[in-house]
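The structures considered in this document are given below.
The same chain A turns up in both complexes below, where it pairs with chain B and then with chain C.
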Partner chain A sequence: MRRIALLVVLAVAAADLLPLGLVLKQAFTPERESFAWPPTWLPRTLTLENVRTLREAVEIEGGLGLSALVAALTVAATLAIALPAAWVAARRPAVDRGLDRALVFARLFPTIALAIPLAALSIRVGLYNSPLGTGLWLAHTLLALPVAFLVLRGGFRSVPAELEEAARLDGASTAGAFWRVSLPLVRPSLAAASMLVFLVSWDEFGFSLLLQVTNRPLPPLVYYLTAFGHPGLASAVAALMLVPAVGVLLVLEPALRAGVFAGSGR
Partner chain B sequence: MPRLRAWAPAAPLLLYLAAFLVQPSLYAVKLSFTDTLTGHFPSLANFRLVTGDGLFWRALAGNVLLPAAIVAVEVAGGLALAVLLAARLPGRRLLRAIVVVPFALPEVVFLTVMRYVFAPRGYANAALAAAGFAPVDWLVPGRVLTFFTVVAVDAWHVTPVVFLMLLAALASIPDEIAEAARLDGAGALRRFAFITLPLLRPALLSAVLLRGLDALRVFATPLMLTGAEGLPVLSTYAYHQWSDYGNDGAAAAASSLLALLSVVLTLPLLRRGTAP
Partner chain C sequence: MARAEFERVSKRFGDVVALADFTLAVEDGELVTVLGPSGCGKSTLLRLTAGLEPLSGGTIRVGGRSIERLAPHERDVAMVFQSYALYPHMTVRGNIEFPLRMRGAAREDRRRRAEEVAALVEVAALLDRRPAELSGGQRQRVALARALVRHPALFLLDEPLSNVDAPLRAALRQHVRELQRRLEVTTLYVTHEQAEAMTLGDRMVVLDGGRIQQVDAPGAVYERPANTFVAGFVGTPPMNLFGAEVADGALRVGEQRLDVPPPVRERLSGSRRVVVGVRPEAFTAAREDADGLVARPDPTRRELLGAETIVCARVGEHEVTVRLPGSVDEVPTRVAAPFGALHFFAADGGARLGP
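So, the complex of A and B:
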């Protein structure tokens, strides 16, 4: 029984590592090797050919820059909006209930049902396909808010309200107590929220595909390269996308394993 | 007034939701009742066009069947993994970390690999060939097997999320209960059926609701694996109308129907609260 369980788990583990291995293999082998039959499981030739082609033919720097810019702006907008809301939710149960319910919709609403009207609206106001991704980070903020709210509210809940009251008794305003007492204490949550929000934007596909037709961030670029039959190039961009994803996950892995963010990541 | 002031720090959030959730939804409804050709409003032209399109009905059916199959496979798989990895296996800490690796891969990254895994000359067929089997057409448009391939790919990617939710719930069950049942002579299967499963009920229900609502808006998986017409769902149908025909009215009509479906199914979750 135990041996069967172990075999099953090992098979699952192998299946779970396979996609990662194949992306890296296809990224760093020549594209013609990716078309070989039978396909090679391990790289026969290692090369930076795909990376070179991406720089020369696809102008990958533009997509990379746009993805990073949009993600950074999403982090800034999301934190500015979510911080005060998460704080008041941690302090007042009535507000918390209301916000929690509103954010359920933000979290589960079909992307396409917002992406289509937002694309139509942004055509009208001139934000469609913006070179700076203005419409896109505004939209990504919607997907990021529930994640940031959950993480930050957890942080503020662990700061005793008495600390803020003590600061107010010593003459600080409510805002002052928030800035000088609570905010410094939730710095770890703030860091975790920033990283998760960055990834939400960095990985996002639907809004990116509909709002940016030619000024493409990385996810739609992977899609087009795949659809046009470029396994090597698509995998090289995919490997590039993995860098922050893996980095953040390594940093946050203990919290993830504890189930803190279970269900809030997608 | 003091009650209103209590809400003041949440004002930016509420304003944002009004501008980027409520407003576009209402605009989508308006678009769907606007005749794309004549600009006439209100008009049922888009709904007439859409309901006269066979692809739309396939998309609607796909949008019921695909999420149902995805939820069933992922919740069963996540539960099995959680139970297996809650047991004392050698190296289970490392195994638990490995099992969540697919979840760390961005959706498009995972899907681009899957395109090559299930391509006619891809890795899956190479594995079959090595074992002496004939190659399989995994992703031919409109085939039943295509449906199951798409379910398998989604499960491969997202089961770790369900696993994490259920593992946390499983860990919160005190060992003493199972221990007491064991002393009373209950076997492993009975302990699972009469202790673990009932105690996991709330977590299982949350997993079904959350995964179900998430699967309802499935988009990238069928689009990247089969294109807009291979295994249509409402999201890909709306995208197809938007990008291939430039018909924003029909696209808005199809996607608003999906939104309506999603909102109605979200209501039970609201009563339960969100914390999984």
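So, the complex of A and C:
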């Protein structure tokens, strides 16, 4: 039984890590080698050539900056909306039912079906191809809201309503009870939601492709570089995209593990 | 410290009446316990008073001031929750200081008062711990300290001991009583444990179905229950209740015919059928020619509890519980309760007949 479990774990890990390994290999080997036949599993020569080309010819800083800005703004905007919404939903079943239904409905549409009308709309209101990605972060916020809402609602549900009631009796206003008692207690959920929302925006392709044309965030850049026959460059961008994703995970992981609920009650 | 007055306070949730016409005055420094089964409206009463739910009708005054429209923090009312509701992310000190911080007390003042009240409830050594590191009894004390630190005009306790182990409960009960006496704080204490309600309360309120059944000193509630609900609810084992007929100045219970003495006769006049109540402890072993209500114990149904013995007995077709002092090895064939120990209630509605 244990041996079978181990095999399954190894198979899943291999399926996950093999493409990742190939991406890393292609990122740091000359492009010629990417096209070599028969393909090589391990790099023969290691080089920073792709990285250099990215900086000189592709001006990667623009795309990196745009992706980071859009992701950061998406996290901020999403949490600003989802936090109060999730809190109210966790406390009031009637509100919860309405929000739940609206979110499920919104999730029924495939991204691409939304992206085209949204692109048309953003052209009309002048947010299309915005240098600061304004249209894109609004779109990403819409995309990420349900995720953040569900995670945070779960967090608030696990905070007993009595804690807020106690705070209100102790002299806090409703908002004060939220800030001083509930918010510190949903820190793990807040960390999880931030991480997921960041990744939603950072990895998002459809809107990024259709709402931005010349000011390109990273995911469409990977696509263009691949399409124009530069797998080495594309892989280098993909490798670059891994860095903040892993970073976010490492920074937020301790908060995710912290057990802050113990001891409030009996 | 203040007098608290409830005037026709009521609460409805849709069609459900949780509390109806609750009228009560709690004197300055008095401890009133509210006893009732679950769902009787006792927790609702506290939540209305604390401002966690709006009233459907009526007025609550604390120290002469109507508070029912005020926000919870404007009411000068403190509450200890059944679950304690300690803030898990704060230390014991942080928990106790929280109400003072919310009221803008200076840092030094907060420290001093928190330490004072912590000493009072004997948690001074635990100030830097977090709630998760405390035992149930310690959490309970911290919850008390947090509620008392700001000297509320009215102190509410919602079954504060129900989550504490039984051996600790008696000690904490005494502690709560002493604390309340020392601080002379007007207190409303809700519980479903009659031992708690009886031993703690200066007076007790018995609540059922959202309505007050009786308000009186615990002894008086036991001695003169206002109706069949209170009679059956207060006392362990509960009072025996059964129907009887009144005819020609006599009470007929099964085969027995008891002469009703003149003062009692007046109370029962106009009733053909009554409910008779008799406490299990009112019975004593009796000779063949004994007066009063006679019951015949079933020797096979006996519970030896050491200090007392519970015996099942029959009065006519009714089964009654009899409580005899000590360990009774040989169950008497007859037990009897004197006529003066009988309680009478209206067959219709169950209200007490007479004083």
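Simple rule for what comes next: the second predicted complex is superposed on the first by the 227 of 266 C-alpha atoms of A that agree within 3 Å, B and C clash if a C-alpha of one lies under 4 Å from a C-alpha of the other, contacts with A are read in each partner's own complex, and residues count from 1 in each chain.
As a working rule, a contact is a pair of C-beta atoms (placed from the backbone, for glycine too) under 8 Å apart; a residue touches a chain by one contact, two chains touch by 3 or more.
Here the structure is a predicted model, which is why all the values come from computation and not from measurement.
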Which partner, chain B or chain C, touches more chain A residues: B
First (chain B), second (chain C), both or neither touched by A:N215: neither
Partner chain(s) touched by A:N129 [first = chain B, second = chain C, both, neither]: neither
Which superposed partner A:V104 touches (first chain B, second chain C, both, neither): first
Which superposed partner A:A5 touches (first chain B, second chain C, both, neither): first
Touching partner for A:L114 - first (chain B), second (chain C), both, neither: first
Residues of chain A at both interfaces, chain B in one complex, chain C in the other: 262-263, 265-266
Residues of chain A that touch chain B when the two form their complex: 1-2, 5-6, 8-10, 12-13, 15-17, 19-20, 22-23, 26, 34-35, 37-39, 41, 80-82, 84-85, 87-89, 92, 94-95, 98-114, 116-121, 138-139, 141-142, 145, 149, 199, 202-203, 205-206, 209-210, 219-220, 222-223, 225-227, 231, 234-235, 238, 241-242, 245-246, 249, 253, 256-259, 262-263, 265-266
Complex interface listing, chain B residues touching chain A: 6-10, 12-14, 16-17, 20-21, 24-25, 27-28, 31, 81, 84-85, 87, 89-90, 95-117, 121-123, 126, 129-130, 156, 158, 160-161, 164-165, 167-168, 171, 188, 206-207, 210, 213-214, 216-217, 219-220, 223-224, 227, 234-235, 238-239, 242-243, 248, 251-252, 255-256, 258-259, 262-263, 266, 269-270, 273-274, 276
Contact footprint of chain C on chain A as seen in their complex: 160, 162-163, 165-173, 176, 180-181, 184-185, 260-266
Chain A contact footprint on chain C (complex, rising order): 50-52, 71-73, 77-79, 81, 83-89, 98-99, 102-103, 130-134, 136, 139, 146, 150, 163
